[in-house]
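As written, the chains take the letters A, B and C, and residue 1 is the first residue of each chain.
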Amino acid sequence: MKKVITFSSDFGWRESYAAEMKGAFFSELSNLSGDIGAFTVIDASHDLPKFDIRAGARMVNSLLKTYPKGSIHIIVVDPGVGSERRALAVSSNEQWFIGPDNGIFTPLRNSTSKIVEIDSSLRKKSISRVFDGRDLFAPAAARLALDMEVGAHANGLTLFEEKMPIYEKSKISGEIIFIDSFGNLKTNIPFRKIPNGATVKLFGKNVDIKSCYNDSDIGTPVAIESSDNVLEIAVREGSAYEFFSAEPGAEVFVTW
Amino acid sequence: MKKVITFSSDFGWRESYAAEMKGAFFSELSNLSGDIGAFTVIDASHDLPKFDIRAGARMVNSLLKTYPKGSIHIIVVDPGVGSERRALAVSSNEQWFIGPDNGIFTPLRNSTSKIVEIDSSLRKKSISRVFDGRDLFAPAAARLALDMEVGAHANGLTLFEEKMPIYEKSKISGEIIFIDSFGNLKTNIPFRKIPNGATVKLFGKNVDIKSCYNDSDIGTPVAIESSDNVLEIAVREGSAYEFFSAEPGAEVFVTW
Amino acid sequence: MKKVITFSSDFGWRESYAAEMKGAFFSELSNLSGDIGAFTVIDASHDLPKFDIRAGARMVNSLLKTYPKGSIHIIVVDPGVGSERRALAVSSNEQWFIGPDNGIFTPLRNSTSKIVEIDSSLRKKSISRVFDGRDLFAPAAARLALDMEVGAHANGLTLFEEKMPIYEKSKISGEIIFIDSFGNLKTNIPFRKIPNGATVKLFGKNVDIKSCYNDSDIGTPVAIESSDNVLEIAVREGSAYEFFSAEPGAEVFVTW
């Protein structure tokens, strides 16, 4: 029974940072066990928006929901690297998540079964203070992959505040949370909260709720249930971001 | 004997879509067989031009030609996800291709040995109508990887029309089909159809045919045989796209 | 004991080039051994700056330092493909590096234990003159992975000239070598050469040396030791590139 190890970061692919992190993982595995082949290494993403801890947290949430038990996930969106923030390994749903305690683990706050502060002695030699992905998280992942300890039990997670929608009698007021690379506008409104026959309004414009992108005309806005089950505003084969010029934080209203 | 599983999409790497698709594959494998390690997972590309079915088809063609027998390829450029278009698994050259029947399988039209419409019951729970890559294609790939059935035999493939060059006595009239990320202009003219001594003309400019980029001066246009054996117009260590401002559809003439 | 095979290129992810190169590797492995599963395939990067041999060389250096013994690395930044430049496999630190002899192996110049010129007969059929990554380097990597010969011993490496800093009594004069995707400015000044209490100057502006990004205010420039142990000028959660408009070649002074 192999394990999947995933890597997520905001490093981009232009330099060697992502490659170095994976190399450090394999080198540590090789040192510890001599066998680098017992694991399946996957790039989840190295193009997370830079410094965007909430984007890292969305990745944590997506990995939690889609990967099998036993998976180990390294997540590095870490503008505070080298400072006092803790380095954690967090167990949830029989998966491990490894990264900085800067809010990125917020989606795990109700489901953690174990939190471990990674022992800084795992950093074999102090190579760099600004690349924990390579020098600390990757070696820790190798140890977890081999069921070895990585530090002492710890408590609490640094959380960021999530903007919640406001529910009224016949209205939900939410907002745009992020915009994906298709230009789809993702809101914080759970789709299941929206009754049949409701209307979506963004910047004063009504948008019809449909089942899929193809239920509207090309170039026309449409509201649908996103793949992560929130209200999403899209434009068929186009960009709702360009259509509406809507930034995160823009208010979205659902009325019925 | 392991199998290679490749993933291609227009999802980009900025969000978790590509990661989720791979996670769903591993989770299904884990559910079905308990062993996720018997397969080698490869990212072919997640930066295919968005909504561009012809770019997806080019990837299908390239994978067909370069991967070993037994490989399984998931290809998702799928603006019509959630609509009536069929979900197919197509066997060609002892490889499987899984994706939407929207024209993306056009390169397989003369080489399919089996076409299967993927049974929508494979979609374990109806998680989303707009993410078949994760919810339908990935589980289907896991089943094919384990030599399990994924649906009933089907007929026909949705094809798009390919622009063919026009051959005259001492002239071929073709066009630019796409522009790669180096700025190389790829035409629809098979290089083997071009006699020695022919001249290439684009926007009234003559371009010499050479063997490789280095046979011209830096910054100078050159016509060569592309890596997929068509006529390509390039600029050495530069961008022919910028040099000519030529968009797909621009006419290219070969005369002799 | 499995081996890691890494792929680096400037191909980008928009077309099938990176996918084809990996497919050719697997196909050759399959032909030679029937077993494609004995190796772990890793994308190091396919977004190296196009035609930028020095960026390829930096990747070579990073892979050398971070991957375990036995690893095989294919590196393709190869504007001269199809011309006379040699195709090499270079052994250093018990790892193999495969690519064009165009300066990309400069970081290995003092550590090679073997240099082999790849036999052009490995190019099974002459598919293309402009895609050695797929048609020559990938098959060669498959053979090296199986401990087979790929050509005859060769001598010498094509080197590019590295700009060295100038050391004076109480001053080091260096320059910016490259700018990473975070906008961090990387210099050619080894950090260990900088005494305590020194000051960094760029474009007449003093920049304080600190331990990590977080030791400065958000949006403020800071000089640190980079992850590869040179002097780096950064802006906390911002881009030093935008802050200073500094291009590679800009002079950096350290005084004390």
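The definition used in the following text is that a residue touches a chain if its C-beta (ideal position, glycine included) is under 8 Å from a C-beta of that chain, and two chains touch if they have at least 3 such contacts.
Computed from a prediction, not measured in an experiment: that's the story for all the values here.
K.L.:
Since chain A and chain C are copies that touch, just let me know if over half of their interface numbering is common to both, same, or not, different.
P.N.:
different
K.L.:
So what angle, to the nearest 5 degrees, turns chain A so that its CA atoms land on those of chain B?
P.N.:
So the angle, rounded to a multiple of 5, is 120 degrees.
K.L.:
Just curious, how far off is chain C from chain A if you go by their C-alpha centres, in Å?
P.N.:
About 29 Å, centre to centre.
K.L.:
Where does chain B touch two or more other chains at once, residue-wise?
P.N.:
13, 43, in rising order.
K.L.:
Mind listing the chain C positions that touch chain A in their complex?
P.N.:
Residue positions touching the partner: 1-4, 6, 8, 13, 38, 40, 42-49, 55, 58-59, 62-63, 65-69, 71, 180-182, 211-215, 224-229, 236-237.
K.L.:
Could you list, by residue number, the parts of chain B that touch chain A in their complex?
P.N.:
Its residues touching chain A are 11-20, 22-24, 26-27, 29-31, 34-37, 41, 43, 50-51, 79-83, 127-131, 134.
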